[in-house]
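Two complexes, one shared chain (chain A), two partners (chain B, chain C).
Take a look at the complex of A and B:
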């Protein structure tokens, strides 16, 4: 059978088309609820579809995966509560848009970008999977460390009173991420004899507390302000709008695929990195970043969905999961008698192209379900705060409990909620704190591995100059840092002013 | 422009500058609190580091990051302290009073107490489907100050949603 025939199998099968669509639709709603994750949904489907044939089971799971990644943006835009870590960056400009009554427009843009991002991810998966997986395998611990540092550079991009406030919350995030049993030596850190602290801080719990509970508490102080009437007449972005942002979409999607292809790094890191990249590279956005810039929505939404295609690359070509969901999917494929790995493309090319094709169908389904449900979602913002806020609090509490069925996680979420409330009231940005917790594992484990491999800190630093990948990443960090300095900003402002004068 | 007009304009500029730089009640205290948190973690990191010193020690990253927390909090504290010149003449007791009123307005305090009581009752094993409707209805009635029957409907809807999503679909065993 030719590649085209393999690709057409799911498209011609109405049963699979329906299953992918059902998956996408339910995924959008699951993703919008903080605490319900894609991993949880796909794990559940593994047991649910145990007795099914392989193709329908995989089709349903893929639909849910795509829907969940996109769904996280819904609550991020409407309530400033990301449904999933991959939507943290979306909230930074999506929520300010909702505050201006542009939630419908924001969700329309998020949908279109997610679709384009998913499609770019699929193209890379279908055409360059072996190449990208080879590149991903060349990443050493030092490269992962540098990738983590690049993620931390985003702190400077999150608007707050001063960069030091962002750095403080980011450092607190990393510090909180180190609580618990050390994964390399099993030593206890900051547990003070409390066994409940041994598993450490779950970053989804932290996200629910810092965004969900904290936001609800902050909004109580403004409960008497009338909800903003949302404009829902122009939801679908015009082709011109999509074309206008296309260079940024493509750039962000490529970064999304590459980061998604790295085992251990997924859509959350990709979205944060691209938000930062967009903020640095976009000249004169119509609205400043952090105040409802469309570019701030385009970059993370394209990247986190493109990371889906990326996550499948190491899974299908090497048998290494790209993220938590693909780890579960390896289990699902194994249950159905398939072995993801280097032989998959030769032994079961039908499955490889079935996944590619189902992802394509899912992205098309996303256009319909993403655009049609917006009017209902925007109504959420118009519910009186006195009703909405207690519901948010309960959903946050239940969501944090549901992750591990643990009451202790619930207390963690409330603790983070209080911390986040203080941060928000005193203008400390909360996103760097979540970023810190997310990146702790990546940063610390790879730093220590790097030290052990290179014998010393100086050895680790020198190793950067021995590898082209490390050196490129290091050069990127230097550029990112350089563009954050006052000297560069002054020089850039002077250059732009000169250019304006010349233009006149 | 006359001298009087000049003086008036200068005063206006000063007032705008002062309101821009004015600290929120308790802002400086919060920087101090974060500094104390940083120092607490630095001390414990040092204790851990002394047990297994070295760049690859399990205490290396916590020590490095906690020192960073101290440094950044100190910078924030100094910056806030410089801005606190606009609060000159306000007594410490008055500042504490203003800070507690700002950070814990009555509504926040009441809802936060509801959350704590809710968690305490859940921890006591009272059951999710007993405690949650009480919390939801109580909070809604407090925040809305009316529509008691209307709130019963919202509570029932929310519970039904949680039951379907979490208990039925995702098989989460709620406490």
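Take a look at the complex of A and C:
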């Protein structure tokens, strides 16, 4: 009974309802601008709401959080510029849809999937939080390493037709990812004595340059591109459509919650992994992946929003942040006199259920704000290029500065823009480069930790066979890799042919 | 089309208005100075400080320990200083980016470094050639007690058991650190310097991940601030086995002090991570005094004291010479222990600390 009461607190309170909704609405716009992140928005709110009561402050932050994660898909679909790393996978099929005049449909699907994903995340958070956090704690450094390897397998899925080209840009990404001060030994790598190179390459900056600025440069140098007239009749996807993709949505959301609950991996990794598995497992999509497949939109959008609920699991059960935004929220709760940690569910269950309930309200608000603004948003694609492109470049440069108030990041973004321009000109895919930068840290640090913990490389390899989680991940990688080989494809083709003969 | 043009015009006008406002400020400041007569000129400038917004550069990320202490303090100090303090995070390189940035800015008191203890180690680790000696302290807010923690199912119930095991089989006990120069690394160096025990150090990317590693049993021990580890201790997910302090903590009465087991630690204590606000060296003394006054007033505000209590910070609230002595002792003390344990290769004399 008391649980129900706690859950109803925000729903009965008009102030909290309004605050969550304002949060979602502003979050969508903040998230759509590359460089403005949820972490930044929520930490600004910590100062802004310093003198407020706890509940309204938290309600506003939760609304913004949900809005921001969703908002990243907007610019990914419309302009091929992911608003956040978690939306990189969304751009892969979302933008091709916009090029076909289906931006409205794409955003409608992204909205519905984000809402369903958020809801699944909330259900897992409310019902299975202790269970999931126990599972998340079982993840060792070796498991994170294997997760990184699985992420790297993505290069095969998002590369262009040629795997060699994908590997080339991924390798450049990995190399650039090693720049800066090594966080484990404080050694300087490729910094050439320049202090401002110590933080290394921020992958959001790389993303802004490679996607945003490069895309603008390519379009500027291509003559006579006419804006694509957008169809805006079928925006809200019918229930049948949502139902049709439900199995994929649920599967992706569950991966999203679990990866989101891992303190060392978040929505960005979840979105990439689920895109990859969707591409591998969905047979005969209506449109091929990479050319505007709806499935390629469903998987990452469901996963990155489901990761929100996931990120709260370690925060509320262990006091360990699941991602950067929940880290800020721990600080916010402490300032308001609460003690986020393992005792929170017993000491202040009202706050636990307030968070659950506000997230629920936020996902409902997402339906309204997500579906209503689409018509205006699609107009963005129809703006003449002469006006749109300079705005994109300005936003990209400002966004890259805003991440860490760093002039150097601006130079990086412009540099990546030029690099990305040549990639695109010579038909090298840019996404693997971003992937390389994102995954370098995960791969390298966990590999080194794995060796330190197991004393040697052979010890690390052996340890894979001692833990059920490591072994399952390893087996998955072997299967993923094996099914891509020519021998397997030949064997499968032969078997399918046989089966066909029998059926006849 | 027309609408977009109008929108563009509005933007340009707002932008222009913003620029002209900025341009007016120095003019106003200059005319103020002209009004004052020659003898009182410097006095007038002091009274005038600050004439524009002050920016506070936080070394660590949004939501981190340093950030959470600095933002409320800045909000309170604004009222006393009469201008806005705009807090920005410039992270990276263990805080060295922010340190370098503030050092590169003009020494006029308009750019504040809001930092933790890390710069005191920069020259020892060859990160950058700056320490707090290149800055003037505005206020040192407080320091934190740290403790040694093990997982709930750990074989080791006391620090002596743990250290004896580490000495018997060097390199078998795993210590989760936050990298070279981080808190667990520093405390491990102190332990090596005093007891001779060494650990297999495994670096993680944040104190939250190091904590996760110990709670999950991937590593045997880590060193954690009371702020970040207390809740897990109270719930039994992990436990403090020894406090790196001379004084007990109210909520951790049952945990023994490191000096109980090893009295030799006494020479290095009290020691802990600290937080402070700094300005570039060479800033006018009157400006520093004005800043110190305002920040001290903010520090003494009861609402700020409550925040310090909820983060388990031991309040210090020192400025001027007192703060400089504190910084000097802290650095020398740490350098001696690090050098003795072999964690750094430069002696305190070579580092110019003695």
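Definition applied: the second predicted complex is superposed on the first by the 485 of 504 C-alpha atoms of A that agree within 3 Å, B and C clash if a C-alpha of one lies under 4 Å from a C-alpha of the other, contacts with A are read in each partner's own complex, and residues count from 1 in each chain.
Throughout what follows, a contact is a pair of C-beta atoms (placed from the backbone, for glycine too) under 8 Å apart; a residue touches a chain by one contact, two chains touch by 3 or more.
Please read all numbers here as calculations on a predicted model, not as lab measurements.
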Message: Tell me the contact category for A:46 with respect to chain B and chain C: first, second, both or neither.
response: second
- prompt: Who does A:342 touch here: chain B (first), chain C (second), both, or neither?
  reply: second
Task: Return first, second, both or neither, reflecting whether A:387 touches chain B, chain C, both chains, or no partner chain.
output: both
Query: Thinking of the overlay built on chain A, is A:320 touched by chain B (first), by chain C (second), by both, or by neither?
result: second
Message: Looking at A:185 after the superposition, I want to know if it touches chain B, chain C, both of them or none. Which is it: first, second, both, neither?
response: both
Task: Please indicate which partner A:328 is in contact with in the superposed arrangement: first for chain B, second for chain C, both, or neither.
output: second
Message: In the overlaid three-chain picture, which partner chain does A:171 touch, first (chain B) or second (chain C), both, or neither?
response: first
Task: Based on the superposed arrangement, let me know which partner A:193 touches: chain B (first), chain C (second), both, or neither?
output: neither
Touched partner set for A:162, first chain B, second chain C, both or neither: first
- prompt: Once the two structures are fitted together, what part of chain A is touched by chain B and by chain C alike?
  reply: 40, 184-185, 387, 405, 452
In the complex with chain A, residue positions of chain B that touch it: 24, 26-27, 30, 34, 37, 41, 44, 48, 52, 55-56, 58-62, 65-66, 68-69, 72-73, 75-76, 79, 102-103, 105, 107-108, 111-112, 115-116, 118-119, 122-123, 128, 132, 135-136, 139-140, 143-145, 151, 154, 158, 162, 165-166, 169-175
Residue numbers on chain C that touch chain A, as the complex places them: 4, 61-65, 67-68, 71-72, 75, 87-94, 96-97, 100, 125-128, 174, 179-181, 200-205, 208-209, 211-213, 215-216, 218-219, 230-232, 234-235, 237, 306-307, 310-311
Message: For a test of understanding, state which residues of chain A touch chain B in their complex under the given definition.
response: 33, 36, 40-41, 44, 162, 164-165, 167-168, 171-172, 174-175, 178, 182, 184-185, 187, 189-190, 213, 217, 220-221, 223, 384-387, 389-391, 393-395, 397-398, 401-402, 405, 407, 410-411, 414, 418, 421-422, 425-427, 440, 443-444, 447-448, 451-452, 456-457
Task: Report the residues of chain A in contact with chain C in the complex, numbered from low to high.
output: 39-40, 42-43, 46-47, 50, 137-141, 180-181, 183-186, 195-196, 198-200, 263-264, 314, 318-321, 324, 327-332, 334-335, 337, 339-344, 383, 387, 404-406, 441, 445, 449, 452-453
